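Note that chain A is present in both complexes that follow, paired respectively with chain B and with chain C.
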Partner chain A sequence: MKRYARELSVLGALVLILAVLAVAAPSFFQLDPLRSHFTREVPTLLVACGAALVIICRQIDISVGSQFGVCGVVTGLLAGAHVPLPLCALASIAAGAAMGAINGALVAGLRLPSIVVTLATMVIWREGLRLAQQGQFINLPADAVWFGLPLATGQTVELVAALGILAALTWASTRLTAGRYIYAVGSDAEAARLAGISPTRVTFGVFVLMGALAGLAALANAVQSPQVDPKSGTGLELKAIAAAVVGGVAVTGGRGRLWGVLCGLLLLVTINPALTYLHVAAYWEKAIQGAIILLAVVADGWRPRSA
Partner chain B sequence: MTPLLRLRDITKSFGAVRALRGVSFELQPGEVHALLGENGAGKSTLIKVITGAHAPDGGTLEVGAETLSRLTPREAHRLGIACIYQQPALFPDLTVAENIALRLETPRATRLVHPRAQIEKAQQLLARIGADLAPEREVRSLSMPEQQLVEIACALGSGARIVIMDEPTASLTQKEQHLLFAVVRDLRAQGIGVIYISHRLEEIFALADRVTVLRDGESVGTNPIDDINESSLIAMMVGREVAQIYPPPESAPGEVALLLQNLGCAASGILDVSLEVRAGEIVGLAGLVGAGRTELARILFGLTPADTGEIRLAGEPVRITSPREAIAHGIAYVPEDRRRHGVILEMPIAQNMTMAVHSRVFPGGWLRSGTETALAKEYIASLGIKTAGPEAPGGSLSGGNQQKVSVARWLATRPRMLILDEPTQGVDVGAKSELHRIIRRLAADGLAVLMISSDLPEVLGMSDRIVVMRGGTIAATLPGGSEASTVMAAALGQRAA
Partner chain C sequence: MKTGWKSLPLRHETLLLLVLVAEWLIFYFTGTTVKRGHTFGFGTFDSQFDILRHSAEIGLLALVMTPVVLTGGIDLSVGSTLGLGAIVFGLLWQSVGLPPWLAAIGAIGLGGLAGGLNATLITRLRLPPLIVTLGTFSLYRGLAEAITQGSITYTGFPASVLALGQGRLLALPTQVWVLVLVAVGAWLLVHRTTLGRSFRAIGLAPEGARYAGLPVERRVALAYILAGLIAGLAGVIYTARLGQARADAGTGYELAAITAVVLGGTSIFGGTGSIHGTLLGVAAIAVLNNGLIHTGIPREWAGILTGALLLIALTASAAAKALAKRRGM
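Coming up: the complex of A and B.
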């Protein structure tokens, strides 16, 4: 149990909020609004999984919001041209992976600091998109919205798919050698290198995976409405990193679990509707989220080294 | 004449390790006093006591007229003690004058900077040691000896009466050394006391007035340089050995497992190394710190690939350019400093052990924890690792047990050639002899072992053959059971006595 102390305490906080709501505002627990609310956070969950892996590898990627924006436009343009949705998905993932590969080549290949590299690519993709798209929304054909399914079914499909992907990534990060390598490189890149692991390849791979997940997330976001906003994804990187950190991913690398990221995200995104239902001014949302992030970092600082 | 510095019965322990066991030392004005001793004899600790970096557990320090039980770095500075390290600690992006000014001025954030005055002061100090350096130059652009000159200027400027030089010539060329020697003689002429640490006997004879030899944290003796010769110095450094039982060889060496011919690597300063290691043989690689032993190991493991010469494994010529290739060729390297590069402290020991063998233990890239745990349990039992279990994090183990985990990781690769770099450094006596038994057993099982060690009794006791390195090349190859003084003489570069 002690191993999962962080994840369990985050879940505990979530349960506490839900318990307060159950007593004070039972109307919170209605299927349709809840499903809608959580489906809106599916793209963030996918990006946060990628961000968590990047942080576990002791890197950071703040360009994911921009990657997400570019991939969303790619999806929109292709879907608008009546390209079948599975092909749109592949294109979006490929575009994300390609942008991730650029980050990866610069960080792993040239050994540049990831914060600066991804700051640069963040600005480049975002401004490039603004230049190309001039802020214009892209209309999606009706058969692409919610995969052409009724709203409730579409949302359920997306939620289930996202949880499936989370489960698969969790499994892969702990049960595949590639996942183990990410932890090893993030803990001690030199020790990993001496064990025959190539930190360069692992770091590159993590950035590519991050990009691919951003592409997938962009698709999951695009199908949620009849129009794609080229500005979507602005600030997404911060939300994703926050979810990872609250969920127990150590910013010093090498530690964290992907299912913990789900716990962290759930806690962060439950605050807003909770405030609404409890009739507290929604302005408090960001302040409370900030306090939670701070608490998480403080908890990391206090954690004994041997944990 | 009152000495500048007098240490009486200084003791200092780190945990169970007694680094200094009652050392007395004295420095006169206008004297170059050399300090000599094997790796780990206590030289660095003694220097750190003098500079205030370590507080001694017992004894007194007399600096000039003051008697103290300990110094802080600030007090040492005030009393005129300065230390010039092998790697100068200057700010590379600032100029010479700015560096000097930073050292001399009392740190106060609100002080105004006077660039003109800084440059004049720097010029004046550099002139005092006869250094021809423009104060406006950025330190980044200076060579190593030029940086040392800046350090010396700083020391003089702060009114240092006692200057400590810790292996100042280690990275200098012959010509640069002579420049430095001239400065040292100049300091002596100005009445400054110099404590000079070096492994190079010829330097000590060229520069020093007196020499003190440390061994196992004790002062063996202080002698005027004219009363002593190289052989007697070596005898003092080595001394008699502490009796310790080493496991005897169990079988005769077999085929040649590793053959190096004229191996060289300019980047790591290795030149023309030829040696062989046979299956079932333990070859001890002796030498002083900086002789190139770890660098040689890093070449064999593909970390800094060789650029000349040949590596043959079991007769086959191979090129090794990455650790991955080295592992594929059956080479295993248990690195020095296991805390940094051996065991990942937050990872469970089972995961630490399988780190180098993923493709073998987990075909298809799928980690089966059963297989992993079984492998870990096997090594925990066979190496006698004391742990709560395979899931315990590496950081929860003692030093000796961490080292066994590091060894297990490499045994799991089923190597033909095992390179051990300081395998028993920092482990307690019990774990040490256990590791010795393990190493001997591995050799008996047919592994070729190359053991780098700075622990002379260990090299003498464990090795079937001893290869001594000096200055990036092989200085001597000696049979097992050689005398300590023979090994030390070769490591110091003395002609066979």
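Coming up: the complex of A and C.
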């Protein structure tokens, strides 16, 4: 149990909020609005998983919001041209992976600092997208929205798929050799290298995976509405990093669990509806999210000394 | 303290200055038109003043971001502090009824408090600056939104306030004098005092600086508090320029400021860099933005080229360092 103290405390906070809501505003627990609300956060969850793996590898990627935007437009344009949805998905994931590979090549290959590299690519993709698209929305054909399924079924499919991907990633990051390498490189790249792991390859791979997840997330986001907004994903990078940090991923690398990221994200996104149901003005959402992030890092900072 | 590659004539700042001059000349010859003896476009004084006026806030943020980055830190919250400063300035003036100068002091003071919270969390609790300021990035913007309830915009500022953001003083846009003052102050601090030298020492080797007897925590705290104070001031100038204070003031400015700092040759890991480099970085981005408008090239190219320039600058300085290492210098 003690190994999971960090994740469990986040889960505890989430349960506490839900308990308060159960007493004060039982109407919060209605299936349809809840399902809609959480489905909207599926793209963020996928991106946050990628962001968590990047941080565990002791890097950072702030270009994911822009990658997300580009992939969304790729999906939209292809789906609009009546390309079958599975092919759109492949294209979106490939586009994301390609952009991730560029980050990875610059960071792992040329050994440039990831925060500046991804700051540059963030601006380049975002402005390039604006140049190409001029802010125009893209209409999706009706058979692409919610995969052509009825609303409730579509949402359920997406939620289940997202949880499946989360489970797969959790398993892969803890049980597969490649996954363990990410933790090894993040804890101590030099030690990992001496142990025969190539930090260059692992870092490159993590950035590609991040891009692919951004592409998948963009697809999950695009099918949620009949129009694709080319501006979507703006600010997503910080939200994803926040979810990872609140969920117990240490920015010093090598530590964190993907199911903790789910808890962190749930905590962050439950605040807004909770505020509404508790009749607190929703303008406080961002301030409270900031306070939660600070609380999480303060908790992280204290733990090693008390232990 | 001369490192090998810095003693080469190809110093980062020199190269950037050449890029800036080239950029300026290109826009001067392609973005200026002369009709019947009158000049239009990029080459006019109006346009040059426009560049200066619009770079004041990001310039201020970049100037105070430089010491922070020199110590090996980062401050993602300056844009949000700017927004909070703008809102507090409007609130103190309009709802509390303070005279504008007192409201401005209030906004700057609040910026100092915001920087102080960052400093406390980073130095006392030894938390990573990236994540602390990511949290306060959200917190300060959120407070600004909470104060304005997401909708209030403070407007109707008196002429004395607008003079700061829209008027001119001794030929130059008024706020440029503030920028000059802060730039001179920052340059003297970083390059001519032992206090400022310690920023670089801490960035190069925090433990070494500690063993050398430097009060590392206090110096780092100072960098973040300065950043907060000046971000508050930038909030006042932003409000004066636009004539309104809104909760979304300065969104994304933190990244623009960091871009200018890194483009200016300051290492993101700390230790090396300069205030004049940062000013060149701010100017290179501002001229690019303004020049593209006058040459009729879509302004999105400004962002794309800035990003590309950033990558080139990084690669070049990494290559120079690798070269110096191979020469055994």
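In this section, the second predicted complex is superposed on the first by the 304 of 307 C-alpha atoms of A that agree within 3 Å, B and C clash if a C-alpha of one lies under 4 Å from a C-alpha of the other, contacts with A are read in each partner's own complex, and residues count from 1 in each chain.
The criterion applied here is as follows: a contact is a pair of C-beta atoms (placed from the backbone, for glycine too) under 8 Å apart; a residue touches a chain by one contact, two chains touch by 3 or more.
Please read these numbers as outputs of a predicted model, since none were measured by experiment.
Visitor: For A:Ala79 in the superposed arrangement: first (chain B), second (chain C), both or neither?
Guide: neither
Visitor: With both complexes overlaid on chain A, does A:Ile56 touch chain B (first), chain C (second), both or neither?
Guide: Touch partners of A:Ile56: none, neither chain B nor chain C.
Visitor: I'd like to know which partner A:Val42 touches here: chain B for first, chain C for second, both or neither.
Guide: Once the two structures are laid over each other on A, A:Val42 reaches no partner at all.
Visitor: By the touch definition at the top of the document, which applies to A:Leu112: first (chain B), second (chain C), both, or neither?
Guide: So A:Leu112 only meets chain C here.
Visitor: Does chain A have more residues touched by chain B or by chain C?
Guide: Greater contact footprint in residues on chain A: C.
Visitor: Just to be sure I read the superposition right, which of the two partners does A:Arg255 touch: chain B = first, chain C = second, or both, or neither?
Guide: It touches chain B, and chain C stays clear.
Visitor: Taking the superposition as given, does A:Met99 touch the first partner, chain B, the second, chain C, both, or neither?
Guide: The answer is neither, since A:Met99 touches no partner chain.
Visitor: Residue by residue on chain A, keep only those touching chain B in one complex and chain C in the other, then list them.
Guide: none
Visitor: Under the definition above, what is the set of chain B residues touching chain A in their complex?
Guide: 301, 303, 322-324, 326-327, 333, 335, 340-347, 351, 355-356, 358-359, 362, 365-367, 393, 395-396, 409
Visitor: Chain C touches which residues of chain A in the complex?
Guide: 60, 106, 110-113, 115-117, 119-124, 126-128, 130-131, 238, 241-242, 245, 251-252, 281-291, 293-294, 297-298, 300-302
Visitor: Which bits of chain C are touching chain A when the two form their complex?
Guide: Against chain A, chain C makes touches at 74, 76, 121, 125-128, 130-132, 134-143, 145-146, 148-150, 255, 258-259, 262, 268-269, 298, 300-304, 306-308, 310-311, 314-315, 318.
Visitor: List the residues on chain A that touch chain B in their complex, please.
Guide: Against chain B, the touching part of chain A is residues 174-181, 183-184, 187-188, 190-198, 254-255, 305-306.
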